[in-house]
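What follows are several structures.
Here come two complexes built around chain A, the first alongside chain B, the second alongside chain C.
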Partner chain A sequence: MDRKTALTQFIKQEIMRNPNAKLQENDDLLSAGILDSLAILQLVAYIEESFGIKVPDEDVVFENFQSIRALAQYLDGHN
Partner chain B sequence: MARRLLYLNGVAILNVILYHATAWGFIAMFWWTDRYRDVSTPNFDQMGSAAYYGLRLIEQYVIYSIPAFLFISGFFVAVATGRNRETVGWDFIFTRVKNLLIPYVLWSIILLSPDWLNGRSFGFWEFLEILLTGRATNAFYFIPMLTQLYLLSPLFIPLIKKKSGSVLLFVGIFQVLMGLLRYTAILDLELPILSSISFLNRSFLFTGNIFWFTFGIAFGFHQQEMRKIFYRFRWLFLGGSIIFYLLGVFEWEYLLQLSGKHWLGSRETLVDLFYAACFLALFIAMENVKLPFQKTISQIGARSYGIYLSHSLALMVAARLTYHFAPQILAIQWLFQPLLWVVGLVGPLILITIVDRSPLRRYYALVFG
Partner chain C sequence: MARFLLTHGVTQGAEKHPQHEAIRFSGQALSYAELEQRTNSLARVLMEQGLRRGDRVGIYMNKGLESAIAIYGIMKAGGAYVPLDPFAPVQRLSYVIQDCGIRHLLTKEVKRTQVEEILRTPVDVECIIGLETAVDRSDVRCLTWDETYQAPNQAISYNLTEQDLAYILYTSGSTGNPKGIMHTHRSGLSFAEWAADEYGLRQEDRLSNHAPLHFDLSTFDFFAGAIAGATTVIIPETLTKFPASLSRLIADERISVWYSVPFALIQLMEHGVLESRDLSALRWVLFAGEVFPTKHLRELMLKLPHVRFSNLYGPTETNVCTYYHVPEPPVGDETIPIGVPCANVEDLVLDAEDRPVARGEVGELVIRGGVVMKGYWGQPDRNATCFYRRKVFDDFEDIFYRTGDLVQQDESGNYRYLGRKDRQIKTRGYRVELDEVEVALLSHEGVEEAAVYPIPDSQGSNLIGASVILKSESGLTEADLVEHLNKRLPAYAVPAKIFLLNDFPRTSTGKINRRELQAWALQSLGN
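Coming up: the complex of A and B.
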């Protein structure tokens, strides 16, 4: 499973609590209220555990968490 | 640090349950005494007992919890602003406020419904006032206050981004002044010169806790610099945490004596403010210290808003059932308190799990945020 799909599944299952929710890779996760403070922290924990990528604190910013695409791009840059 | 904040959130919500359990402990000790002793109530014979100080030590320890929630919320606003934008978007703020308020209104209705079923009627304006001031239960003042801070944040983020140090200093001084003002309320001092501004210390107003939210935003924008500074002074913060904690216990006894009353409702004092500041700074500074039960407490942290909304009801039910069916337990705080802690945590978690694992799951956000 690629990262985008894994991230989408995690957000739908664990954060939106609706596997059938419509979620596009460019949807604004913050403005749409999909990610709140705790959800971002959960997502960081998921990324670190599942992908083995440490997300430095200074990278936990709007630009990297705005959408699934932005997040996947950020993670691709940290391989 | 991001993951540690989830842990801090978990610790803070556990503390909130402890805090409200101690409130029921004091009720059992002083107002429900006639259920297990042949006395009239209120009865303050147990003031100064080992059980009393046990509860006071817990109550004093958990003081940093609301500051911790506000700090984390402020941090998140900084995250949502990002590096390149001048301030956070209004669309984000409105969505955040909506997600806070819908479950809040629902739980306020649930908590008021026993009164309503007992024949009390609520007019629209009264209901609105209850919502705006968080009066449905003691814990709810926090939600109108957090909402105000979110709504104000787009206005003061540009300032915090540019001049964090000055803003923190200004807000810190303001918070100290609010702390000083609070002593007049604790001691019922009527100073005409302060009467026009005493409303600023109402618990549901942002003015009483603006520092912690601002601190969180500033930390979000300047994490690396602030972490280095806090690390340098870590032992000072450790010492400060211990000293202000103990000082807070003695201070409250002194204030109680000074007031000439049998009992004072819990209020944060200036010493508590310094204790919370030292504790949060210490938490940030001790970044490399391994935290116990990290996964479990972080999982609890992830459900903190749902627990916050529903724990008051769980505690109330547990305390009242004990009052009616096992009043002897009210006399034994080492039994009564753990009972309340377990019900206050497990009750909400069961409710959350039921909603989360049933067809109701799609309504989870509406019920628990």
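Coming up: the complex of A and C.
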């Protein structure tokens, strides 16, 4: 499974708690209120655990978490 | 010019220092003169659109410069502003709009889908400002923000008094629906005047606006800031979720007075890379809404030794009524006090029979003074019980607001907060009536019984847990219940975990034993 798919699944299941939710890679996760502070911490922990990528605090900024695509791009740059 | 309305701070600012920045948002700014003019235009348009003195006007949008324009424009037109949580489910918003009879709604184009959904519910909205094109309803008039700003911007004469309604903040209600807390110009200004003075606010200050508009912390950011002629920096909601982005904003915008719930400050401290930011402009950190865990407060104070810290206390019904300047990083882990009453606030502590207790004894804090709300919108029964009437002389009755908070005065005269009399909790600074969550769960036809309880987290706050017994063969899952709740409650009030059980532990009298359910939930979540 590629990262975008994995991230999409994680957000649907663990954060939106609705496996049938509609979620596109370009959807704005922030303006729509999908991600709150707690969800962001969950997401960072998931990334570190599943992809083995350490996300330093200074990179947990809104530009990198705006959408699944933005997040995947950020992660691709930190392989 | 006398100052007895919340709008007067802006008008005075526009006279004294018209070019000084009043509001900043994402690199854009409004000077006091511009804010004065745009709010005059908005007020004029609202009045042309049929707004009458005392009418409620909804503000439904993500934050922006328009937030400030909306607040002051509505009040200048003689209306009361009602901030609608931009992330709340439509059903809840529709309830609020119906409850206080909102006919005018201020919004932005990005909210079009939700606005159209709201219009399909039984609301009586007649006029919407902020959509780029009309909605599919001939009985609803639509104007853009640009059209609004083109209206004449001279001051309009209005004959409001300090007792006119200024704003209504909706908060969780134990009966299952949110309730509207009414504040007048006087109650808002009583708080703002005290705060501007106590924290020595001045024109050079830059205040953060971190809290949402429907949260009472925002009244400090705007109204105390305007009184001082200072600049209020509105923080986009998206940014508030990211500690490192926030700390960058505090540095770049040279914020000098910060105000938020403790949770935001703890996040800033733990993930905000504060050591790499220049926070030299910061002079006050104010917090309210929840207890600040002492060990985290100490750590933060040690990281920011040049900053003064102050704990503000007060339910939304009283704005703020006591305060405590933390003198130095606390030693030990005892909870810091909520402090002493603000200027012109009278305090009294009552026992279970409504008799004043002796100094130092535990009781419910009741509050009197200019800061107290007018009452709850449209709830005469609640208004009859939330105030404590005390006959002082034969011909004089003193009226106090019952906070529902249990307190105790220590030897130094500071109040200490001990807990609630009822089932209201705070989760990440948000106030939630657990009964409201239970009512929402029980409104699902497949739910037989529901019990909701707080689950303390490691940050000194609570998450919400729920245990549910389903009707046999309902076949419901946790996801179904979450979906049901998401349509009724704001996200922060939806339980973080819902346990599906076959039976509940009961007390000897047959009541649900919530304490045991809570202990069991804590254990199963591994806390």
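Assume the second predicted complex is superposed on the first by the 79 of 79 C-alpha atoms of A that agree within 3 Å, B and C clash if a C-alpha of one lies under 4 Å from a C-alpha of the other, contacts with A are read in each partner's own complex, and residues count from 1 in each chain.
Rule of thumb we're sticking to: a residue touches a chain if its C-beta (ideal position, glycine included) is under 8 Å from a C-beta of that chain, and two chains touch if they have at least 3 such contacts.
Owing to the predicted nature of the structure, the values given are computational and were not obtained by experimental measurement.
Look at A:A45 in the shared chain and tell me whether it touches chain B only, chain C only, both, or neither; answer first, second, both or neither.
In the superposition, A:A45 touches chain B alone.
Just checking: does A:D36 make contact with chain B only, chain C only, both, or neither of them? Give me first, second, both or neither.
Both partners, chain B and chain C.
Which partner, chain B or chain C, touches the larger number of chain A residues?
Between chain B and chain C, the winner on chain A residue contacts is B.
Just checking: does A:V55 make contact with chain B only, chain C only, both, or neither of them? Give me first, second, both or neither.
First partner only.
Touching A:R17, do we find chain B (first), chain C (second), both, or neither?
A:R17: touches chain B and chain C.
Check chain A for residues that touch chain B in one structure and chain C in the other, and list them.
The answer is residues 17-18, 30-31, 33, 36-38, 40, 57-58, 60-62, 65-66 of chain A.
Mind listing the chain B positions that touch chain A in their complex?
Chain B reaches chain A through residues 1-3, 5-6, 9, 72-73, 75-76, 79-85, 89, 91-92, 95-96, 98-99, 223-224, 298, 301-302, 304-305, 356, 361-362, 364-365, 369.
Write out the stretch or stretches of chain A touching chain C in their complex.
17-19, 30-31, 33, 35-38, 40, 57-62, 65-66
Could you list, by residue number, the parts of chain C that touch chain A in their complex?
Touching chain A from chain C are residues 62, 86-87, 110, 237-245, 248, 263-264, 267, 271-273, 276, 428, 478-479, 482-483, 491-492.
Could you pull out which chain A residues touch chain B in their complex?
On the chain A side, the touching residues are 16-18, 30-33, 36-38, 40-42, 44-45, 48, 55, 57-58, 60-63, 65-66.
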